[in-house]
Amino acid sequence: MITPTHYMLLSAALFMIGVVGVMVRRNIIIIFMSIELILNAVNINLVAFSSQLHHVVGQVFAIFVIAVAAAEAAVGLGIILAFYRNKETVNIDE
Amino acid sequence: MFDTNELVLNMGPQHPSTHGVLRVVLRLDGEKVVDADTVIGYLHRGIEKLSENRNWTQIILLTDRMDYVAAATSNVGYCETVEKMLQIEVPRRARYVRTILCELQRIASHCLWVGTHAMDIGAMTVFLYAFRERELILDLFEEFCGARLTYNSMRIGGLPLDIPPGWDKKVLEFCRIMDGKLYEYEELLTHNRIWLERTKGIGVISGPNAVGLGLCGPPLRGSGVPRDVRKDEPYAAYDEVEFDVPLGTVGDTYDRYLVRMEEFKQSVRIVRQATEGIPEGPIVGKVPRLIKPAAGETYHAIESPKGELGFFIVSDGKSTNPYRFRVRPPSFCNLQGLRTLIKGHLVADVVALIGSLDVVLGEVDR
Amino acid sequence: MIDSFVVPLLKILIVLNATLVGVTYMVLLERKVIAWTQSRLGPMRVGPYGILQPVADAVKLMIKEDITPVRADKWVFTAAPIISMVPALIVYAVIPFGPEVSLFGRRVSLFITDVNVGLLYVVSVASVGVYGIILAGYASNSKYPLLASLRASAQLISYEVAVTLTLVSVILMSGTLSMVGIVNAQYNGNVWFAFVQPVAFVIFFIGGLAETNRAPFDMPEAEQELTGGFHTEYSGMRFALFFLAEYANMIVVASVATTLFFGGWLRPFPNVAFLRFLDLIPSWTWFLLKTFVFLYIFIWVRATLPRYRYDQLMRLGWKVLIPLAIGNLVVTGIVKVLMVMW
Amino acid sequence: MGEAIAFYTLAAFILGFAVLVVSTKDTVHSVLFLVLDFLFVAALYVLLSAPFLAVIQILVYAGGIVVLYLFVVMLVNLKRPPEAHQDPRRRSKLGFGLSVAVLLELVAVGLIGVNETGRPVTAAASVMPVSGNTEQVGWLLYTSYLIPFEIASMLLLVAMIGAIVLAKREL
């Protein structure tokens, strides 16, 4: 029997992997991708609860999260490009 | 996006749209061409130097190998230069046949041009339509001189052979076919919206600038400069036939296209007049047994399909070969304009412009 | 057991094989049709009228040396053709070739599955197909493929927007995302959607040409400009996969156009009684016939039109097709609301 | 049973690819693993009977956002590989340690918590006027959550303008 706890554990693990990515990597693009992983972890939680509660409001919120992620990616990548054009690097410490 | 590092793209010598072995080194900013270098010489065979070690008759077949899609025109150009040096009077019949051959050759060359130019821009069907008609011309040439590409179809002082019986009828029949086929090309291209978008305003060059760059032939006339050797300094029988010199107005790729499409029609018109008016008479003038022009230098130009094809020959009056032999190839002069034309355009326009200049690398490199 | 496993498996097997054979013959069809347009004969040597040419092509491509450039990214280089082939094939899971029919005494539906979000599934799978081309360009580590893949990613993403917007207006008409539901809506509405949504259909078709990299939008593989574009460095079977993926995508676009706009498996005038004799022709034949017409138009367009330039293509997509699609969507919505209020 | 197999397989893939995303040297490979990861997350949504969200996940994430990432990676990767040198200032060890600790805690929580069966909460399930996942999501989006929906669209518009302003060379 798969319970929401399983999904929460999966989500937490994915979240942690994302956090490790943000902490450890220096390539800003990979940091952004780690943030996407974190957002996905949140979505898994939302959808798991939505399925558990038999109410789609969790999915609605997941859609909002995806919209925000899209906005974040657009602006973030714009910043990366602008940054790269000035500094010619994608490492955050240079 | 590439502004921190321009991309250097090596186009050719092995590239489907460089029409042979042209190499263009493009410096790109994204897809925009910032600068371009034209590298030539991959087909250099030293025809000019070779000619200085051949006797006057043998050179004719070297001239075949320059503009290999219009070999007969080069033959005529060379022979007329030598005739000018020797001051030989060429019989009228020979001059008429020369006119017919030159104009047929112009149609064949333009067929190849319209086909490849359209193909470069992505319209593949015109290519095969144009080659279908070029085939008819090659058949006519085969009947006249036995060869289909490198004809060696001229002799100093006239023609090697008289035209075969019935040949003129076939030429007239070809003219009739060609009129209908030109309509097909125009249907596919001239008013095609995509074609207009791809060619209008691309590679614009004004008349004075075109003269300054030394452009000649259709690219020059496309910019509205009325220069055609056939009209300005008539040779062969061009002074006895009627034709118009089409001129462009803007000087973009579309104008160059229109000029050549109109030249098709004018060439058909010339061929028809010349074929109907072939006079009877000898085909070779009085030529000395040993060709040895007096010392001196001569320049003679004719209008090849690509532009002004000139021969500059120096004779020392002693040996049986030229002392100095120099060709002014129209493709070479037109190719100089490429760099000016493509600056600021996109990669896709580069192939359109190479096609629009209509260069033959055999002639550029010699 | 049979209904839940064996029948679907059989259907998948049949559809997959039919698609692959169809794709190879699509290549022959293209060569033949273009040849006839250009007053040539096309392939004539292998079999009568070149009918076995695809076999010869396949053998040739398989025994050709499979070259991987030394400086290429080997894994990605190998994965790219597969990535472009797989989405093209799995789209067929939701395409309805016909309604439920009785076959050997059991009810069998002539589609693999009918999911609630069928149309969105098609769009999303198609959007993943972009990766094949982008990665091929990147992994080749060569300039022409790189330029091509930059072109391709911009082109495919832009035209996806226009295409998806036209699909939304179709969804408004049908009220369902299910592919079978859309065909049924056309049956119940007595009209093929192409006649009530002509603008959407034209935009969808143009967008479909661009999405499948077909002329006049074949910028990413423009032979005359980029020497073959993203597959410049590919040879042998890997090249063949790209080639087949392109044709499989063409068939997908044609089938989706048939389903959405031309009534899928429905015969012409499905509700007119005196045309009932047309029912003698099985439903899936109608589907294939309509799809074939679309494929023919694809080839016809390629033989006729020159190629757009990259910036012109983007201008057409963003400044013409997308506003038009949005306008069409708004008008459809208003009309729909007015009809409900009536 | 089938659900358990599917869940554990998908979970293994999701976590495995996530680890690869953050650990791979080559950025392009990293992006690829991210796509695969998202595809498996989409499969998980199907398992959770949220097909609409699964398709949206593929369409927006895999087909849109990650293509942008790939685009940017290709643009910035042209010159030299990133992370060419080590940086002393970054406390990668600390990050690792912290996350490993949290992971261990999670495992502990999981071992204790998993045995408790989840109690399905059905009280909140309101009566929807329409059936089907897509319809339900759409219904909620355009009724109860209309204002957040509009705000999200505004956010996207702002992001779009922002991205254009940032990426354009000269305005």
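Order of writing sets the labels: A, B, C and D. Residues in every chain begin at 1.
Following the convention adopted for this analysis, a contact is a pair of C-beta atoms (placed from the backbone, for glycine too) under 8 Å apart; a residue touches a chain by one contact, two chains touch by 3 or more.
Everything numeric here is computed off the predicted structure, so don't read it as measured data.
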Per-chain C-alpha mean nearest global C-alpha mean belongs to chain C
Using mean Cα positions as chain centres, tell me which chain lies farthest from chain D. B
For chain A versus chain C, what separation do you get between their C-alpha means, in angstrom? 33
Distance between chain centroids, defined by C-alpha means - chain B, chain D (Å): 63
Whole-Å distance, C-alpha centre of chain C to that of chain D, is 29
Quick check: how many Å separate the C-alpha centres of chain B and chain C? 45
Give me the residue numbers in chain B that touch at least two other chains, ranges are fine. 1, 3-4
Residues touching two or more other chains, restricted to chain C: which are they? none
By the touch rule stated above, which residues of chain D touch at least two different other chains? 52, 56, 64, 71, 75, 79, 133
Touch list for chain D against partner chain C, complex: 26, 28-29, 32, 35, 39, 51-52, 55-56, 58-59, 62-64, 67, 70-71, 74, 132-134
Which stretch or stretches of chain A touch chain D in the complex? 1-7, 9-10, 12-14, 16-21, 23-27, 29-30, 32-34, 36-37, 40, 43-44, 47-48, 50-57, 59-60, 62-64, 66-75, 77-82, 84, 88-91, 93
Touching residues of chain B toward chain C in the complex: what are they? 7, 9-10, 15-17, 28, 31, 118-125, 127-129, 132, 188-189, 192, 194-195, 197-198, 346-351
Considering only the defined contacts, which chain C positions touch chain B in the complex? 34, 37-40, 143-144, 147, 151, 215-216, 218-219, 222-227, 302-312
Residue ranges of chain C in contact with chain D within the complex: 73, 75-76, 79, 115-117, 120-121, 123-128, 130-131, 134-135, 138, 146, 149-150, 153, 157, 160, 177
